[in-house]
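The following pair of complexes shares a single chain, chain A, combined with chain B in the former and chain C in the latter.
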Partner chain A sequence: MATDRSKHLNDVLTTHKISKEQALLDKHKSKRDDIVTALNEEYGTDIYSPFNSGSYAKNTAVNKKFDFDLMAPFKRNAFSTLKEMYESVYDFLNEKYQGTAYVRRQKVSIGIEFYADGDGHVIKIDVVPGRELNKDQYPEDRKLNLYVYSQFGKIAEGSDYIRTNVSAQVSNIRDNANRNDLRKIIRLLKVWKIHNNKVPKSFFIELIVIKAFDKKNVSGSLWDMLKIVLEYIRDNVKTVSLSDPGNTGNEVADSLSDWDKTVMSDDMANIVKRVDENSDNIKLYFPLNDKFPLNDQKNSYGGGGFSVPPVTRFG
Partner chain B sequence: MKERLQQIVSVVGSIENVTIIEPFTIDNTTVKGSLEVTVGDRKENFTVFIERPYPAQFHNMETIRFLNKDLIIYDHVNADGSICIHTSHHPSLMEKLHIDIASLKAWMQKYLIDQSADSHYEHVITPMVAVSGIRQVMLFTDLNHVFKPGDHGTINYSLLAEGKVKGIRTATYILQSIKVKGEDVECKWNKGYKALHPHQGMFVFLEGPPVKNKRFMVEDWDDLNGVLPQDFVDLLAATERSLRQQNYLKISVLLGYPISDNEIHWQLINVEKGNFPVFVDKIAGARTIHITRLKKQQILWGDTKNCSYEYFFGRGLLDSKLTDSKILIIGIGAIGSMVAQTLCRGGCKKIDLVDYDAKEPGNVCRSEYQFSTGVNDKVDELRVQLNDISPFIETAGNVMITDGVKFLWEDLDGQKFFREYFNGYDLVIDCTADNDLAHLIDRLELDANVVNLSITNHAQELICAVNPNLYMSLVHVLKLLNKEVEEDLYNPTGCWNPTFRAGYNDISVLVQYAIKQINLTLMSAKPLRSFYLSASEGNDFQIKSITF
Partner chain C sequence: MILINRELDLTINIDDALMSSIETVGREHYPKEFGGILIGYYMEGQQQVIITGTLLPDDYRSSPSSFERGDKGLKERLKAVYEEEKPKIYVGEWHTHPNAAPIPSYTDLNALKEIVASDAVSIDHPIMLILGLDRKKCKPAFYVYMNKRTYSYENI
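What follows is the complex of A and B.
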């Protein structure tokens, strides 16, 4: 039976609403507050106020593989090098959360993944340390330098840093929020990324979707709009320039290797082709979150939260 | 035949720069004559034999031969002086004669006048001699050692198999190792072949092949006096003495030499008991000197084949991302056994197998098993077969692991164990068609590539689901295909478990297509994607591939 593509996409957004995971969200907020308090206590006057910088702040979060990004802005004189800043924050968090969480060095952040609690909830918070460029400059323009711990697209590990303005990145999405359904499309692509374990960073997705809205007349039904964006990415991802709203000198397109861009273009081409060919295929690329079934969600094979195949295949 | 003779004379006589210098006659069914062929300033005479099948080839050989023994030193001339030409097919005798003589002229220009060298190595022509009616063949691989001229010592080799070639008994051996300066240098066979019973022989390494006329191996031991190191000649004599009381037919001697900067070749010589080619020569002088020398005696050359991985799979192999992968195949029924054999023949070096089931006669018609081996664990039987196919494959078998996944699933340590077990492989191929297993493996969120292959009844579709999101893709495709519970299944007598209907050809055409698609994706370094193949019904067979 044919699927109403736009209705399905709306259902996808509904089942992925962050508000459906209120308990998990509250736990993230609580842990975030703990970390902020700890950082303030540890670094005192060396640190400005940490703030939310991820998808939750941008209102583009979905409720699967949910995490918080916490920006930790340090003063210029707090550390002599960015590496020292990064390692200091890592050592501090590792020491503090040892035995209660996995603490990992990531590309520009330090990941804290708390062990599952009694409800099976796993709280994940990425702390992004950044240092102001010059003494007392941060309160003026919010610009920070981030340390690149490991290879970040075309940006080499250890040898480079990223200068950015995370506050401006957050407000970029907020400023574009008046655009019709922009954030819906970003959320849908994040659902695709999460369910299919794809490479592009959320930030990359956000910027390329904004670019598609800039360049194309994105209108029509939800599927029409998504399709226009998918086609834009398919045709342009290999060449598009995506400048960081936090620092126009940063080329965010470089955070994805040429090879990964080719794969993303192929991904988009496949989605458009398969969904045009058979509307049911939309369910593979943009699945509902089975954890929060809709009232009218019926399972073709009967019962249960998710579909199971009949015994019709052999080896 | 007369008409044929006239036709040959007429055609040959009409070809430019070709003169008949000895008239063509018929000897039994062979037409024979002599020609003078001119290319530029060069004139050469050739005796021509045209055999009865001409213009057809026979056993891949041309049935026309141009002979001139004086040209034996030039490239592509056989020991009998015949020029080695391979020309294109033509059904007309007249046209074929034109083609073949043009090819002879081309040979004269390239190898006689220009003396061009071929880019590939042409092996020295070695006359093979059977020992006590048995032809001997020694297989070897690359050896991780730099040999120097004059190196000599002992070898270990094993009998691989005995058979017949054109009615001649043929024994095939594999070289196991060479002991040089106290170091055992091993051939790169897998463990199974290395475990074969060893025999001892000898080796000597020279700076080049001992040849006459550039490309023909010497045929007499006497020709090797001054070529083989004296230490080695002494060793031959000592070996004969030390084995005097032993019961043996012959010993094998390998003679090695470099054929390029990074490749060596070995030739086999057989030395029969009681017929060692050595004698003690007395050189008179102030003091008589005794020196061991080589007799005037025919060398019993055997045959050798370089079976290094590169040659063994030289005709074609899968992409290195597959061949270098550590692979686990779960479920080795029709699909799994075909996948295993295809990967093995494609050069894969490490394939482990999992299946709890036993092979029964009913499995043979559509999987890679044999009737002759009776009822066996599939894992054991397929491992033997893979080992029979490739001396480079290492395999291990497991009959428990899939049961373990289900029994221990709820146990967190169990999940950790299985995650580590499967992540020990680069590629896990699940051919069980077990939905529970597919679901559980998917939930492990493995780093390893996981490919799930299954087929629908009558081999209408083959489904290939890959991780991440493997289970969901599988469910999705089955939903799309709208498969209802199958009723037209095959129920073997006395069997409680009905199975699908499809034959070897029906299944293998889809399995090969799927492996081709996977291999192409890996070659292009792109990520694997789920897909399904749909076989058309009716006479105009086609396979349609839908990739997600």
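What follows is the complex of A and C.
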């Protein structure tokens, strides 16, 4: 029997809802709060308030693989160089969590991966240190310089820092939240990326989906909308410009090599072609999360975790 | 009060005193609509919901034929009951239909659809209690949202 593609995609989103992993989510929040407290205690008046900056903050996270990104904004005079800032935060976190977590240097962040707990849960939190550009300027414009520990792709080639505005990056998604189903499409592409071990960074996916919504009339059923976006990526990923909303000078498209862009274009073409040939193929690219099966077989109220319902109108 | 939907084999337990207090609150706002959220917990392989209380909204808009429940402060209040020794969670909604039957409107059905679609909601099948109110009588009716429609309950 043919698969109802839009129904399947809705089921994919349901089984990948972040709120289904409530216990893991609560543990991430708890560890994040510990880290914020520790950073505040260690750096005192040298640090502004750390804040969430990743997919959880943007409400585009899926439950299959997620971590928290924590932005740690420092004052201009806290460190004489960005490298010193980065190394100081690394040394502090490494010492604090030695024996309980792997702490490692990443591109612009310090990754903390806590050892699995009794439930087999692994908490991952990336701390991104940033320093304001000029003294006392951060509260005004939220701009920060990030230290680049190692360089990937073309971004920041020849320099050791990235100037950005992470608050603007988060707002970029939040401001687009009322656009019809934008975040659903972003989540579906993240599901595709995670289940198929694909290269593009989540940030790249977010920006190219927003671009597709800007350039195309994305409407219709969920499959119709996804297909329009897939076709946009297929046709444009090799040439599209994706400015970082945090700093238009940063070209996020350069974070993917020409080869990887070609592969992504081919991937999109294959998905559209094969799903059009046979609707069952949609399950290959966008699988359900088996950990949270749909309750079709046995009736139950389902779920059971912490929920906060949205503003709702009844009649 | 115990209610059942025999087709789905799902039950609801709600204390008579809680039902009375919900009716009292609804009547205070009559002839305008009013409502709130239902909190409780699941049992029996999630085939039974025990409704233990209601949280009334801090912000809302209402008229004789519509009611919009706000979410101001809701997260904090839900967090507080979730952190109690016996955690309570959001299980559904209630609202009144002044001078009308307690039958879900198209708006009500859409409301449930949007609730389930919300990423901040982990339950798949919320309960909806509608109180059909007039000056003398109150007729309550419970529903659950499943398979893109509502199913009603009967008293046992």
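Structure notes:
Methods note: the second predicted complex is superposed on the first by the 292 of 315 C-alpha atoms of A that agree within 3 Å, B and C clash if a C-alpha of one lies under 4 Å from a C-alpha of the other, contacts with A are read in each partner's own complex, and residues count from 1 in each chain.
Basically, a residue touches a chain if its C-beta (ideal position, glycine included) is under 8 Å from a C-beta of that chain, and two chains touch if they have at least 3 such contacts.
Here the structure is a predicted model, which means the values were calculated and not measured.
By the document's definition of touching, of the two partners only chain B reaches A:195; chain C does not. Contacts of A:59 after superposition on the shared chain: chain C is touched, whereas chain B is not. With both structures placed on the common chain, the touch criterion links A:287 to chain B but leaves chain C unconnected. In the superposition on chain A, no contact is made by A:124 with either chain B or chain C.
When the two structures are aligned on the shared chain, A:278 is found in touch with chain B, with no touch to chain C. In the superposition on chain A, contact is made by A:259 with chain B only, not with chain C. In the superposition on chain A, A:313 makes contact with both chain B and chain C. Legend: residue contacts after superposition of the two complexes on their common chain; A:105 is shown touching neither chain B nor chain C.
In the superposed pair of complexes, A:19 makes contact with chain C only, with no contact to chain B.
Of the residues of chain A, those at positions 300, 306-315 touch chain B in one of the two structures and chain C in the other.
The touching residues of chain A, when paired with chain B in their complex, are 195-197, 259, 262-263, 266, 270, 274, 278, 280-281, 283-285, 287, 300, 306-315. For chain C in complex with chain A, the residues that touch the partner chain are 8-10, 33, 35, 37, 42, 45-47, 49, 65-71, 74-75, 78-79, 82, 89-91, 93, 95, 105-108, 111, 114-115, 118-127, 144, 146. Looking at the complex, you find that chain A touches chain C at residues 14, 17-20, 22, 59, 295, 298-315. Contact residues on chain B toward chain A in their complex (touch as defined above): 331, 333-336, 431-435, 453-457, 463, 467-469, 472-476, 478-480, 483-486, 499-500, 525-527, 529, 546-548.
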